[in-house]
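Sharing a structure here in structure tokens format.
Each chain gets a letter, A, B, C and D, in the order it is written, and its residues are counted from 1.
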Amino acid sequence: MPINKEFKPKIVAFCCNWCSYAGADLAGSSRLAYPADVKIIKVPCSCRVNPMFILRAFEKGADGVIMCGCHPGDCHYSTGNYYARRRMTLLFSMLDYMGVENGRTRVEWVSAAEGVKFSTTMNEFVEKIYSLGENVRLGDLRCKK
Amino acid sequence: MKKIAKSNLSALFAKINETKDLYVPVKNGEQVNFAAYSEEAEVDLTALKTVKSPKDAFFPQSENLYTCFNEQGKISITPEELQDKDFVVFGMKACDIKGIEVLDKVFLSEPVDSFYAARRQHGIIVGLACDKPEESCFCTVFGINPAEPTADVAVYDDEDFLYWNALTEKGNALTETLCDLLEDADNTAVENKKKEITAIAEKLPYANLSLEGWNGDALTEKFDSPIWEELYKPCLACGTCTFSCPTCQCYDIKDYNTGNGIKRYRCWDSCMYSDFTMMAHGNNRTSQMQRFRQRFMHKLVYFPANNDGMYSCVGCGRCVDKCPQNLNIVKVIKAFEKGGKA
Amino acid sequence: MQKIVERAKELLADGTVNRVLGWKKGDMCFNPEPAFFETAEDLDENFVYGGFCGANLSKYMIDASKLEGKTLVLLKPCDTYSFNQLINEHRVDREKAYIIGVGCKGKLNIETIKQSGVKGILNITENGDMLNIETLYGNTEMKYSDALLERCHVCKGKEHKIYDELIGESQDTSDRERFAEVEKIEKMSPEEKFAFFQKELSKCIRCNACRNVCPACSCRKCVFDSTKFDSSQKANTDSFEEKMFHIIRAFHVAGRCTDCGECSRVCPQGIPLHLFNRKFIKDINEFYGEYQAGADVDAKGPLTEYTFGDCEPSIVKERG
Amino acid sequence: MQRIGVFVCHCGSNIAATVDVKKVVEMVKTEPGVIHAEDYQYMCSEAGQAKIIEAVKEHKLNGLVVCSCSPRMHEATFRKCAERAGINPYMVEIANIREHCSWIHKDMDEATEKAVILARAAIAKVNLNAPLQAGESGVVKRALVIGGGIAGIQTALDIADAGFPVDIVEKEPSIGGRMSQLDKTFPTLDCSACILTPKMVEAAAHPNITIHTYSEVENVSGFVGNFTVEIRKKARSIDMDKCTGCGLCQEKCPMKKTPSEFNRGLGNRSAIYTPFAQAIPNVPVIDRNACLKFKTGKCGICSTVCAAGAIDYTQVDTMVTEKYGAIVVATGFDMIKLDKYDEYAYSQSKDVITSLELERVMNAAGPTKGHLERLSDGKAPKEIVFIQCVGSRCADGRGKGYCSKICCMYTAKHAMLIRDKYPDVNVTVFYIDVRTPGKNFDEFYRRAVENYGVNYVKGQVGKVIPQPDGKLLVQGVDLIDNKQILKEADMVVLAAAIEPNPDVRKIATMLTASIDNDNFLTEAHAKLRPVESPTAGIFLSGVCQGPKDIPETVAQAGAAAVKAIGLLAKDKLMTNPCTAKSDELLCNGCSKCANVCPYGAISYEVKEINDHGIRETRRVAQVNNALCQGCGACTVACPSGAMDLQGFSNRQIIAEVDAICR
């Protein structure tokens, strides 16, 4: 990872309670490190993630937002991640269309057994955010210190 | 009377901009709005009306009032600084300048609005006579002369030259700083221009609009009129009329959470919005008819009743041009003239 | 137009409808307004249907559905999509509407005419394919097809999707590729895209005209007016707010927007708002199959449906 | 603003080794709402919990943040602790500073900073938490089984044996379903009727089972534990109490030319009929469309001959309304219609039949009394061709995309039975793949090939052309030898795809149970909850959920019964309090939320709303807390934000986002 002591990215990870949050727990209990820049918010299901939350994170200064849920077909609520998948696809496409670097958003399906995948995904994502640098295209200037 | 070749205008702007902030009409796409001057900005003095009125320069759509900052439980409060640098608004039209007079009545009477007062103190208005009045203009109805902007400096656009006539002390002082760029001129071109403008103004389709009966005495009669019920129906409850208007002065005060503190700011509000003056119990105007009526009653009845007959409409015609569903104050006035069923 | 008035009078007279929702003559030929008519006299005197009657009346039917009796509503072909969508969302009552589908040969945009440099317009008359324009500064003319609203250039077709009867002829006006503008932006570099939208959205004054005119934005209380979401905003305080507003607005109407083009028509700052909605429409078509909101009154809508094999969000990156 | 206590756990050294817990305590003390903060060695221990309870009492706390291990570990512990301390258990939030922090970070400063941020997010959330109460609802101790085939019968028997009353609703005049139409069953070749009939009798005789035949479910309302179902009992024209089942009426009925449904139209039945000899109940019905009495008013022979006086031409449909705690769907399947597969000449030749028709032909009670003969001329066939996957595994959209699963086995069975009884008959099977997973299934298939000499050809049949001499010319391809095959056959048997009973969509809609594009009911979880519908209280038995053979169907029927018993055994259902909630003042009634709800928990009510003094009749969403599982799909589908999720509200999540991003 490039060493840039100046830049400490803020990264929000929305994780569904049933798969990805448990996957993150497994990463923890397996001591699979990923940068502390990632902060996890627990939601019952990826379908609970409102595009508004993602924009809100960017508004308040997040540099990257990642959403994790159960693999398609494995949703605890059967269909939640299917809706989430469509919503996020459209939202990300719109952000890309508006010139926001598409590496700042990501969706990854992580099961409760995939602690390794969780950790790898977070490492990759954080690295990507470091390479993109500070988020200047989305965000409210009033929140910048 | 001075003049400057239009080809030399950018030098004039640059000169003003050296010591003062400068706001000029700038074209962005097909729209012209007042904006801070920069070398790259496409200054457009030919557009008769900017989409938004230039009241922004004195009463911005949004401005911070103060900032609270929370650090480990310690809260500090920093008030926003008042305007202390002179600035020039270049190219305001007679109607918009009259609009500022309307705002003065609101913000400069007690209690004085210090933010607004500071801007008025430091603001220098360079008024531009209306080269080609348009069909939606009806400033003359309110006694405004589009050929005589009552600014610090009145400017006339005539073919290759801009004629420059300082009218106030502020105007003279500004002229002083620009003496290298301005040359002396006689009045002929300006007088001809004024005649031309006046001639067109007389032919405007709304020139003969009558304001008879619009005063404080007519309050109950107008308020209770069934005509409002017919007029408001197409209204979308958007704020286009309000936000393009040079005289609308309502604002809301809100807090913005920056994470570590609060920025308290005020921003324009529109009486057309359903959450205008929303209170805990709900809203005191419960229907769009009431909100619609409020806007026009305020401009044509309440305001003149409280301000020696000064209407808070200046006939700029922006709402006439911009209302998405083609409602406007002229149609309201005409409807009452006819007694309904316009 | 006379046919419409005659038929409307008949339907009023025989009690089929209690009122007529149409357009009323303005004080200029180019500023008619949406209006309700309740009497034959009113119709005779004030009704108008012409090139400047661009307003989509379907949203007014939300309130009209609450009134006693039926309302005769005049819908242009593109308006019928909006009406269908409103039925789908239980916002209007089909039983309360008597729909006359009116012919459409494209609607005119006064802003386009003014932007061509015409000032002080006093009157505009149609003369075959031309518009004769009378102004304070002399007379001029312009091709009818050059003065059309953007949406008419990419017209979905002149078929009415719902009606009780049809009056009047239509003319095809579509002469541009619907997604050409969107594709043009898609091809830009991220920097260019950002600059483009920054420039356009910097004009936004948050007047909410786009939202309030939109037949899909029929919420009783918009999230941006509600304190429930902690999203209540009014100001254009920071450039982010406009972005947030327009992205979320487009997202909320994604799969529901019929591309009626009213948002772009009403924007006082001429922001091409349809570029947001049309981007979503294009994406939905590409990702989930062709879908036209309002074409089918019973459709479930692409964002409340799914298939196992839907593309992953990473497709955005993969497409480059 | 709440009065919040923050409790930071060392977890021995698990947390404390990398997170400076003292510093976390100091840092969070100035957060809005925080009244008290402390740390302890093991917060989850008795002593740790005692500290929490003590702090609650001392500082009058009403919200708790515990910075500790994952909520998956001890959230329940701390919620119970909160309850003991006298505050609502849902006023507790956990900041996961172990799995998500101390265990993955090495740098103390970094980990401490992150722990503080995670704590802040939890504090911001608790500030917006509201006390939530788990609801309770009663359970009606009675089950409904829709469908009286082997799946429905088995489920009903199992539930009844557990001591709960069960009603079976069957739309045909008799229970028995598809299995009653079969001749023999694989892989053991028992006679189908011999193993089914005892079950039917047992069900009919069981004191806990009520059977409504010739009946359909008309309306369902309510929710898990408390469904109200209206059942239409169609007019049978027979008084069931009087009828002795002597059969004289059927014998004397002059209208004997109605195609028999039971025999798949290959034989005829009378207008007054029982579908088959072992029918339960053994009470006939009058087919009013076929009956002379009903068509012309003249006849009445059955009434004359009935000694019991059971015939009642004036009978009308009656409605039964009953309450149930659980509903099991066992609506079964039918064969697809073959009109899209005319290349196999099904509509052109009587000698092209489906496998189910072959079952009737081979059955001793069937139209040919069990003799294998051509239906066109009654001649014994010498050459029989079986065509597999007719409409199954179909990519072109004409048929079904799925594998019907049972065809490979029953075709092997048919081939074997024919070769066994008529060794001079040649049997050829055209197949795409032979799929025989299952106990003793592959052995069975191999026996057909190896011991009985059935000729299996890997390849598809392009066309069956009826010849003038009555033969059928089969054009196929052998993919292994890569050659065209032209074969003259006397009979062609089509393994037509099976599809869910077409009525199931109507039933699923009534039950708000989700259903896929092929009309199979969807499971709550494809792997872990295969016999439950996502809609609580609805269970799935048999082929309505997916293609199955008899043993699988019976196994699933039992599993569905167990799930239903588990529900009926409870006196009260506790409902998850983190459910969606609609704000009636904001709701547009647009139905977007209901469209995405997998549980059918959202309904609409048209009611008068008082919106700050404005009274209006509006269509608004209502969430049934007993059904809602709290996924939150509806909250995002709702454009106005009227729909929110308790415990994970929009404002709560936004507060967490803000706290993390500040």
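FYI, a contact is a pair of C-beta atoms (placed from the backbone, for glycine too) under 8 Å apart; a residue touches a chain by one contact, two chains touch by 3 or more.
These numbers were taken from a predicted model, which means no experiment stands behind them.
Colleague: Would you identify the chain whose Cα-based centre sits farthest away from the centre of chain C?
Modeller: Farthest from chain C by mean C-alpha position: D.
Colleague: A-D or C-D: which has the larger count of contacting C-beta pairs?
Modeller: A-D
Colleague: Round to the nearest whole Å and give the separation of the Cα centres of chain A and chain C.
Modeller: 36
Colleague: Between chain C and chain D, what is the gap in Å from one C-alpha centre to the other?
Modeller: Centre separation, chain C to chain D: 44 Å.
Colleague: With chain centres defined as C-alpha means, what is the inter-centre distance between chain B and chain C in Å?
Modeller: The separation of the two C-alpha centroids amounts to 30 Å.
Colleague: In chain C, what residues contact two or more other chains?
Modeller: In chain C, 221, 223, 229, 231, 237, 303-304 touch at least two other chains.
Colleague: Residues touching two or more other chains, restricted to chain B: which are they?
Modeller: Where chain B meets two or more other chains at a single residue, that happens at 256, 258-260.
Colleague: Residue numbers in chain D touching 2 or more other chains?
Modeller: 596, 611, 637, 650, 654, 658, 661-662 - these are the residues of chain D that touch more than one other chain.
Colleague: Pick one for the touching-chains graph, please: line, ring, star, complete, other.
Modeller: Per interface graph, the chains form a complete graph.
Colleague: Where on chain A is chain B touching in the complex?
Modeller: That would be residues 60-61, 140, 142-143, 145 of chain A.
Colleague: Can you check the complex and tell me which residues of chain B touch chain A?
Modeller: 256, 258-260, 263
Colleague: Name, in rising order, each residue of chain C that touches chain B in their complex.
Modeller: Per the touch definition, chain C meets chain B at residues 26-28, 31-36, 42, 45-46, 55, 60, 111, 115, 119-122, 135-137, 199-200, 202-203, 205-209, 211-213, 221, 225, 232, 234-237, 265-266, 268-270.
Colleague: Can you check the complex and tell me which residues of chain D touch chain C?
Modeller: Those in contact with chain C are residues 583, 585-592, 595-596, 604, 611, 616, 619, 637, 639-642, 644, 650-651, 654-655.
Colleague: Would you tell me which residues of chain B are touching chain C in their complex?
Modeller: For this pair, the touching residues of chain B are 28-31, 33, 48, 51-52, 61-62, 132-135, 200, 203-205, 233-234, 236-240, 242-244, 252, 254, 256, 265, 267-270, 273-275, 320, 322, 324-327, 330-331, 334, 341-342.
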